[in-house]
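Sharing a structure here in structure tokens format.
Chain IDs A, B, C and D follow the sequence of writing; residue 1 opens each chain.
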Amino acid sequence: MLIPVLFGVSIVIFIALRVIPGDVAATILGTDATPETLAQLRKNFGLDLPIYEQYLQWIGGVLTGDFGESMRTGKEVLPDILDRFAITFELTILAAIISWIIAIPMGILAGIKRNSKTDFSVRVISLLGVSVPNFALATVLILVLSLSFSYSPPVGYVGFWEDPIRNLQILFLPALVMGTSMAGAVMRMTRSSILEILRQDFIRTIRAKGAKEKIVIFDHALKNAMIPILTIIGLQVGVLLGGTVIIEQIFSLPGLGQLVLTGINQRDFTVVQGAVLFIAFVFVLINLLVDLLYSYLDPRITYK
Amino acid sequence: MKAFMQSLKNDKVGFIGFIGILLVVIVAILAPVIAPHSPSEIFNEHILQGPNAQFLFGTDELGRDIFSRVVFGAQVSLQVSLTAVGIGAIGGLVLGLISGYFQGKIDQIIMRVMDVFFAFPDILLALTIIAVLGPSLTNTMIAIGIVFIPVFTRLVRSAVMSVKENEYLTSAVAVGVHPLKIIAKHVTPNIMAPFIVQVTLALSGAILTEAALSFLGLGVQPPDPSWGVMLNASRAYMEFAPWTILFPVTAIVMTILCFNLLGDSLRDLLDPKLKS
Amino acid sequence: MMKKEYLLTFILFAVVAIMVACSNEAAENEGTDENTSDGENQAEQVLKIANDQEPAGLDPHKTPAHSSVRIYSQVYSGLVQLDEKMNLEGDLAESWEQPDDQSYVFKLREGVTFHNDREMTAEDVKYSFERILDEETASHIASYFANVESIEVLGDYEIQFNLTAPDATFLSNLTNASAVVVAQEVVEENGGDLQQVAVGTGPFKFQEWVPDNQVVLVKNENYYEEGLPKLDEVIYFTMKDEAARMSAIRTGEVDLTSLTAKSASLLENEENLDIKNYQSLEYSYVGFNVNSELLSDVKVRQALSLATNREAVADIVWNGDAVVSGPVAPSMGDWAIDVTAHELYANDIEKAKQLLEEAGYPDGFEITITTASTYPDMVNTAQVLQQQWAEIGVDAEISQIEWGAYIDTWSNTSADVLIGRNGSGTDPDRALQYFFHTDGSANVWGFSDEEFDQLTETGETTLEQADRKEIYTEAQEVLLNLSPNLFLVSPMSYVAASKSVEGFTPYPHNGEDILEVTKQ
Amino acid sequence: MSSVLDIKNLSIDFASKKKTYNIVKEFNLRIDKRMKYGIVGESGSGKSLTSLAIMNLLPEVLNISEGSITMQTKEKIDLTKLSPKEMRKVRGKDIAMIFQEPMTALDPLYTIEHQLVEVLRIHTKSSKKEMSDLGLEMLKKVGISRPAETLKSYPHQLSGGMRQRVMIAMALICKPKLLIADEPTTALDVTIQAQILDLMNDLSEEHDTSILLITHDLGVIAETCDRVAVMYAGQIVEETTVKQLFTNPSHPYTKGLLESIKSLGDKERDLYSIPGNVPTPFNYQEMGCRFASRCPHAMSICKTEPAMYQIEGDHKSKCWLHAEEVNLNDEQYLRVGSQ
């Protein structure tokens, strides 16, 4: 599964980049371009070679762990990707955690009190988060916080291990924005899974044992509901990884999303190819991890 | 259908969602009648004016009537989401049916290709497709549509596979009924419930994706007003002209909320596991 | 069962390990957090600047991007520079003379050292310019020095440039931020590429660059001018979003940032901020593909010029903070002609219609305006023009494309009408010959006019300033009449600075002169 | 003998937004110590609801509108008046329950041990070791051949019979006074059915536990119970000893039921089934005798609801036929029945 998918991704992104009009030489030189310097620059980047040769060169390097250098900044691609992945990944995880904190209790509440007023209000509130486009919410937050509370998140990203508190200060707002937008889907899945599970016979068995509702809901209903919830979480973490583009830009976070976006705008082929391949790799890996988690949670599933 | 509408009516939340969507559709259809101005007409003397009698929702950074733009924005946003989801749903339906019904090699090929597209993050995929096709309203819709195809394909395929397990299908095949006939008659109706739910959710997803693309400058082409485009433009002015963001954001939030509420209720109504 | 748990533990462990490894790598690049975290401490001479773009690389010979220039121009020095009044003054060169029309001899300052403590000599100057001229380097400023025939080292502190022909623009080209002196050993140590390192002779030393995050420069204690720079450290933060920059400057997270006119007007009343502005060297334009059937007709172009209300563009797109411009931006002072009186700038709809009729388009025509989505001002300009042109029956459609595609469209002239912005440089030769001469590298429009070609050729080799001015005035007139481009407006640039920043004045040719800046 | 459970005049209502429907009505039942009591009826007769009502586990839309359920623990308590917290102390400890569907009655995500011990954890303060040992002992008692291994396995790894044994072990582990078994054997293979019933019998005797067995299968009643109540459309229509029921069935519905089993064993005869359908709770109100529409003996008086009439000893029937004051020749009692 892993290999053919990644292979496919590598080909698709490689070809797509070469089909898109524009190349890195022209974007570097801008109005200072002369035909000679353009040609020379393309030659320097190996863009004058036939496409299949360019691909073989690139993929050959990738297979040996050499993702090449950025055509624009000359920086090595792989270490840059890894540095940035740490940030994007942390942001994603924080966003996911925030969304769980919001969504899972709300989902349970809505599920238990189906069709009550609580159910309705919980659904509407958690859907509000999904309904506002991320960038609008982020901008409003930044504006309101700076005007009303003279607060802006600290500038200049710092890694978690360097200064955890500052790091969390920087990441909290963006994670909150992403978390609220993710909460709706998780809430919805939690609610319907809980509804479904609470209908099951074994819940009655557990109640008949004299168990408190706490045990019924958390030990049994929630654990069973976790399986479908996990599916959606796995999917969303994958989506978040690629969906941080906008948030990273607004909050000036040096993550993978910005790398790819700048890469595409500047036609920095090696960077975009490397980053997209890496994101796809992580995405597939996360799905694999979710599958493993299934089998861990659910004894009926054995993973081969 | 009548019974269905009845039960939808009983589900207050779903009904609110349904009415909301209906309202947006009506506004979109009647946009030329409702809107007092052309959405792209620039009033030089009225740049960034607050809501007043002449401009109900105020004017934007180029002096255009925000009310008219919000109204026409409904048209554009709905058009984008309907077309995109149409492409995604039909594409996914066809591929999923083929893949799930015939299985074997063709299934392998289709699903691997879908996996490749699935592994691309949504926004990046849309971005790349638009970059390849060149930006235009049509291409934006196509790009968002393509992004949706894998989801629908997977959904349809798994539904088809589970329906196929049923004995009555096995016997129909044994009797020699044409596969297409079987698909049309037995498989399709059986997968409609999850499919319809996915469609309503995807519709709101498409509006959001278009908004996100607008942020990246790849949304609808100016001067056409989509809500996403308006929202993005207003970001720079929201401090001294809050109405530039207020109205489009309200429109987008209400619409997406309604789509989601409707989708949720449809899920509750159509999912036999949740029936009481 | 047990097996499964082992596998899971292993994977979790692997993920954590990867994360730790990544963060360690980030941690290695430390050294900034000390200073960044106590920004409140005003006594520290640390200036924090928020930039809207990430530098595209640091090699001065290879990177024309403004986001890079603003940084490497603090690290490197050239032979000569412009003072605040745009007069030439020495930088690494103490003085210069012209033995004849085609050669220049520069006397270099003695005792100037690179940031690696090696003394800079004439050999370094020779190496640097040869690097620029080397085809392999593919330098964007190679074209500026195409007429340099040879470079001779006359002594440790003396160097001679021999040109193939007299060139009035030579000295002004030398003020280009990319015409700077680099150290040969650093180039060689880095495989011929200076994108990730910077060792120059300028006031600040390059310390580190964390991608999409920050660039840190520290004071060069051995800068040749005593007592300068006054700052100990400059940090450039990359903050692409204007809302984030506004918020950061308001709350004092950064000291300096550039802004759009509209944002600047919001900050004018902030107590602890100073808003500074200057007329930029840029102007916006509408480029025509003059080889297309429709636009090859000069009357059509003139009609469009007449249909264009440039003041309205300035008002709507730039909040009124822009001046109407010709091909030479008004901030270039004497070189620029007064365009407002030009008949094609009159916004005369009747005359425009008449011209269209003469050209054979009495009912107007359909056309597509292409613009870059990256810049809201360009998109807005397109929308304003769409409406203005509609008055003479021109039905324009807008196509906004992202930056990479835009550059491609520009260089291949694959759009009939293209909205853009030009930096016209500091010499009219660049603004005119380079962009509109038949063989001009940036003349992508297919424009060719014998009279104009001749004028600009003569201008380049004429050394007498008064004569040059006359020639370029005429060239501008020719260009305006033929309208291969419609020159629109030149915007003001805005910088918001914290009140604690002292001694900061931006100039058109140097928006970030921080040499004498101090923090209070 | 003292009663373990005494249900008096129990009514269960279904409340929709517009209207309230009565589902179970005037339900009376008394279970003595060590008694094995059966409730028999078709699906939809309300027998399972009654058992859920005893456990106070009725679905939200249903509620007890009338009556009392008295349980003899240390003192006499009315289960309908207990707070949820007090009720939880009764569930699993004093009254345990076994459900019909062993395949879904166990949480698939936990080991048998966890689920077995869970009851103990809720109601006792034993150590882990003690609980685990007790669990093992119970599994041995319910005849599971490899108890230690079974303890560590998950429900999906066990067969239906095994799971029902586990359910029984789980139900009896706290030595409850009453075991409610709701169709405990319906989902099992015939060969296993008998084993499970025997097991229940044996163990309840060993533990001094009374049994309330709910089933649609008269055969199961015959095999297991001492007393029996026949339910039809939310009401008990006949109540007596098992012996009486089979030798002297009184209510026309009971007769019909017995007829249908007999026909199952006799291939010569057509399969007998009671004509007509079970009425739905939505039209109970307008009916007199709820069986009248299907009754071969229906009379015009059957439009009025009959009371529970004593036939002899403690044999009761809810049918006008057994009313003493009724003169069957009276014109108003003319047969108008369906056949």
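Details
Operating definition for what follows: contacts are C-beta pairs under 8 Å (C-beta built on N, C-alpha and C of every residue); 3 or more make two chains touch, one makes a residue touch a chain.
A quick note: this is a predicted structure, and the numbers were derived from the prediction, not measured.
When C-beta pairs in contact are tallied for each pair of chains, A-C comes out on top.
Taking the mean of the C-alpha atoms as each chain's centre, chain B and chain D sit 52 Å apart. With centres defined as mean CA coordinates, chain D is found 54 Å away from chain A. Chain B and chain C have CA centres that are 42 Å apart. For the pair chain A and chain C, the distance between mean C-alpha positions equals 35 Å. Shared contact sites, meaning residues of chain B that touch two or more other chains, fall at 131, 134, 216, 235, 239. In chain A, the residues that reach two or more other chains under the touch definition are 20-21, 139, 143, 147, 264, 299. Residue positions 243, 374, 402, 404-405 of chain C are each in touch with at least two other chains.
Pairs of chains meeting the touch criterion: A-B, A-C, A-D, B-C. Those residues of chain C lying in contact with chain A across their complex are 1, 4-5, 7-8, 11, 15, 18-27, 30, 32-33, 36-37, 48, 50, 54-57, 59, 62-65, 135-136, 138-143, 193, 195-196, 210-214, 235, 237-241, 243-244, 246-248, 250-251, 253-254, 374, 402-411, 414, 422-423, 435, 441-442.
Of all residues in chain C, only 242-243, 260, 262-263, 266, 312, 315-316, 373-374, 376, 379-380, 382-384, 386-387, 397-402, 404-405 touch chain B in the complex they form. The touching residues of chain B, counted against chain C in their complex, run 40-42, 44, 47, 61-63, 131, 134-136, 216-218, 221-223, 233, 235-237, 239-240. Listed in rising order, the residues of chain A touching chain D in the complex are 200-202, 204-212, 215, 220, 223-224, 297-300.
Contact residues of chain A toward chain C in the complex are 20-23, 25-38, 40-41, 44, 72-75, 79-80, 82-86, 89-90, 139, 142-143, 145-147, 150-152, 154-163, 166, 249-255, 258-259, 262, 264-267, 289, 292-293, 295-296, 299, 302-303.
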